[in-house]
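Several structures are given next for inspection.
First chain A sits with chain B, and in the next complex the same chain sits with chain C.
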Partner chain A sequence: MKCTRPRSRRGAALALIAGLLFAVKALALGDGQKAPDFKAPSLDGGKGLSLAAYRGKVVYLDFWASWCPPCLTSLPLLEELRKEFPSDQFQILAVNVDQDFEKARKFLERTGVGYPSASDPKGRLPELFGVETMPTSFLIDRGGVIRYVHNGFRKGDVGPLRERIAQLVAAHNK
Partner chain B sequence: MRRLIASFLLAALIVAGAGCAAVKPWERDVLARPDMAWEPDALEAKRNAHVHYSKEAALPGGGAGGGGCGCN
Partner chain C sequence: MFRTNWLLLMVVLLLAGAAPSLQAAAGADPLAVPDRARAEGAFDHGNPRVVARLLVQADDTSKSPSLRLGVLFDLDPGWHLYWRDPGESGLATELRFDVQGAVVEPVAWPAPSAFTESEGLFTTYGYEGRVLLATRAVFGADEASGRIARVHADLLVCEVECIPASLELERRLGADTGGVPVRALFDDAAKQVPLTAAALGIDLELSADLGVQRPASGTSVLGSLAVHPCRGEPRCAHLSPDTHALFIDRRGGVEIERIDAQPDGSGGFRVALEGRTLAAVTAPRLTGVLALVDADGGRQTVELDLDLRSAPSAAAMQSGATGLAQAILLALLGGLILNLMPCVLPVLALKAVAIAELAHRRRGEALAHGMAYLAGVLASLAALAAVVVALRSAGTAVGWGFQFQEPLFVAAVASVLVVFSLNLFGVFEIGIDTARLASIGAQAAGARRSFFDGLLAVVLATPCSAPFLGTAVGFAFASDAPVILAIFLAIGVGLALPFVLVSAIPGCARWLPRSGPWMPKLRAGLGFALLATVVWLLWIVGRGEGSDAMASLLAWLLALGFASWLYAALRDSSQAVFRTGAALAFGLLLVAGAGVVRVERATALREPAASDERTPRPYEAAAVAAERRAGRPVFVYFTADWCLTCKLNERLVLDDASVRDALAGFAVFEADWTRRDERIRAMLARFGRSGVPLYLLYPPGEDGSPVRLPELLSKQHFLEALREAARGGSRVREVTIFRARTSIFWWLASNRELQGSCS
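== the complex of A and B ==
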């Protein structure tokens, strides 16, 4: 018996199957886009953290995990960087994605990191921001607009990062 | 018959495809553990690679061919 199904219909079915098999990944947020607001529980068990609470300051939003070696390199260096800028103008907000958040807590205690860290073991926030690598950081201006995305971390990254932060802090002080 | 085989292959592809999952960067918690590495002992792996490229005249390790002088 001859198959009478139209070719276009068969093509559409194949395209649908291919689409389901290779689902398109979410696009990462980038320079010039508005940073979505979020609320998440704090890693230290304190009150929840919200990005909107820091509106008016330059925010460095850092996604990290205790199993990610470059993240562990970055945290103490970021803590030093934080102290270089006035706290009413610059804020570092971290989002930890560890499933076992005890490891993350212990690391923070050991290194004396003073900036707040949210806990997101289900990965809702990295999904929202389209994080493509660990660590990823978003430098957000006082109006809540992303001005720079930093993928990965090496010790030498602190210098250029400091300049970018200083530019953003200074831009609003003029 | 051909249609049946095609349907079967399609069904198999869908079932196999359903088993695939992309691990997102923030989900690598367990995969990042040292005991999940292909080579759990880095020193042992390096030693094995060294013996391999010395004996097989291939440098480095299982990569591009080398001089094969056997002097490593």
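== the complex of A and C ==
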């Protein structure tokens, strides 16, 4: 009789995410493409979040997970960046892909991140946006068009990112 | 032209086709595996960040037919994958082997490396470069040849971004099971697998304190792992902890948040641990890897699997050298010194007056008072010990002075003090009427009063911590019930000793002034000292529970005062109806007063302190660790609003301008224990303490151990310690008793002008 070990939840999560990232490689969204709208539940259990709700603002859409150290570096820094721009002009919207979203919630509480985070444990949204690596972020203009895609994160990325956001915010204010 | 091009194309195609066989002939790829046994993964813009190969090799180390098999991962420079436990972030690598006709053993994980990720924010465990995760497949009677070996690998690889990979590898087992290079890889991987402590001749001794078990959130774990490499054998006396000494995995149901390895002065070292059990874990074990470095810089690793529940108490082990006799002596000394602390001064002053009053009358009378006072002190300490033991057996961890964390207790003490002060003002007498004062009954009542003074002295003494007392009480709290009782009683004997001596030795009484008309005036004056203590208690309630709670307590005290006055005014009446009315009025007023008491827990009442760079930050173990990693010296002070010793130190030393200037380069953290906080209690216990204050100075960098300063700070010594710590020096690592003693002299000298305001 052949015995097989039950597949762990974490392994299943990795396989799922890896499968999705691999499958959508060819479909990755880039500059100039329209950001697809989505609706997803909020990580904090609040009302659902949708990208369309922020139309008219410059949006920074950030995909993250608690198992991704560079993502965890980025969150508090993005929170600082968010405060530098008027809230009616600029919005950060995060998408968390943790299966164990309690871990993600705890991290948000600890770091005091104030921007909304959607919960997508099944990895539907990375597939929709063609996310290959974590973290991946999309800077979307007021018209809903992707203007910049950012892969990975290190502290030094904040400066260039600030400039890009400022340009997009200013461009529409003219 | 066309023909020439066609010929060229043919040549290129032929060469390309021949290339693999040419390569094989030349032995260019010694790790060549069948196609399906090799996979690329974690694609970053089309580039694979990891390449995996399924390797097999005949196992000649085993008698039964078996194979060594494993997955060889080759990672791009800068990228890493994770160990069986990823640490503070990341995801564990999972391998699932399936070999036809064989039982596959668990993966023998090589000892991992520690990675500091996200610029110092997280420590993770894993491998970079090349790693072989190997195991063994044991076959039954059948031959391995012709069987299929499969493995499914789920892994996460990270650099400044993370990419998951899910890989499938398989190969048919045949005669060719890898040459010399493959064998070398397996041999090398086997060398990196941690050995048991016994195999390395290392003695491990785990001691630990587990907090209160809570099903939803687990319990705190404070432990200490004593490591004695080859005790008594000089050949391996040079083993020292690696930069990252301990890799704890969560298989044992324990998550470690802080590790601190220090030499123990006898050729070994001690690793202090701080963490928690995972929720719903009933049998926590310390599992993972201990990493050591030998004199040549070589790494030796030890597999750990130790039972935490059966480990002896860490705090008891820490003060193991102290011993019970020494702890009792320290308790006695601590109790004696407690007489000099501001907490008990009002009561002690009262006692001194009472004894002066009696000392010049009859010796027996004075002795009876001294003994009654001792009995009061001992009874209240025995009761306190019983409460501590009862709470512990009910699963609640408490520390010295814990009762002041309960606002209702503070309110009760304030009530007693108000009644006491009214008595001193002559508003009423306790238990006796004035006509009987001179009678023999007065002596008995006076003894009762002394007993009560003893009780009050203990109640008021607990928010103070004196030198020696911390060590003794720390020892007691980590011990069994009889030891707790013995040490508490020793403190009582120390506390009561001066009065017992004065009342028992006739010579002592001669030093005291004769009683006279100044006595009632002094008693009234001391009544104000008691009211000043009430002001302090009200401040504690106000700080912790808000101004509403403080106002309702004040209203209650007013009702209590009025009731006492009314009672005294009517009870001496000759008519029974007035006396009954007095008792009724007293009772009614108390009930009405109790109705206004609303000492309910308020949340977030603390006003946020003005935040400048010098404002201390709330204590967080992770933030302290981050500052130390960043190379800043750190000062942590453990305090509570109800701890007068703490407040004195803060007012006289920590708030001093020159000290604040000297602290400018330090990261300063305040651990506030005004309210019950299991985290802070656990941290205090780690340093063998069960109460505040505790002052810790960490030199810059992760390696140094903190300097523990005495309970009473002196500015001069504190500044000196700051300078030493900023230099990263270890000269003041051990704070000597001499230093503590000089602090007391300093305190006595500088406190004279303060006694009026503190008592």
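Throughout what follows, the second predicted complex is superposed on the first by the 148 of 174 C-alpha atoms of A that agree within 3 Å, B and C clash if a C-alpha of one lies under 4 Å from a C-alpha of the other, contacts with A are read in each partner's own complex, and residues count from 1 in each chain.
Here, contacts are C-beta pairs under 8 Å (C-beta built on N, C-alpha and C of every residue); 3 or more make two chains touch, one makes a residue touch a chain.
Everything numeric here is computed off the predicted structure, so don't read it as measured data.
Q: In the overlaid three-chain picture, which partner chain does A:Asp98 touch, first (chain B) or second (chain C), both, or neither?
A: first
Q: Thinking of the overlay built on chain A, is A:Glu127 touched by chain B (first), by chain C (second), by both, or by neither?
A: The first partner, chain B, only.
Q: For A:Phe153, decide between first (touching chain B), second (touching chain C), both and neither.
A: Second partner only, chain C.
Q: Should A:Trp67 be classified as contacting the first partner (chain B), the second (chain C), both, or neither?
A: Both partners, chain B and chain C.
Q: Going by the contact rule stated at the top, is it chain B or chain C that touches a larger number of residues on chain A?
A: Tallying touched residues of chain A, the top partner is C.
Q: Please report the chain A residues shared by its interface with chain B and its interface with chain C.
A: On chain A, the overlap between the chain B and chain C contacts is residues 17, 21, 25, 65, 67-68, 132-134, 136.
Q: Where on chain A is chain B touching in the complex?
A: By the definition above, chain A touches chain B via 3, 17, 20-21, 25, 63, 65, 67-68, 97-100, 123, 126-127, 131-134, 136.
Q: Spell out the part of chain B that touches chain A in their complex, as residue ranges.
A: Chain B reaches chain A through residues 3, 10, 13-14, 17, 20, 22, 24-29, 32-33.
Q: Can you list the chain C residues touching chain A in their complex?
A: 41, 43-46, 86, 89-92, 94, 96, 98, 117-119, 121-122, 124, 154-156, 158-166
Q: What does chain A use to touch chain C in their complex?
A: Residues 4-5, 7-8, 10-11, 14-15, 17-19, 21-22, 25, 65-73, 132-136, 151-155 of chain A touch chain C in their complex.
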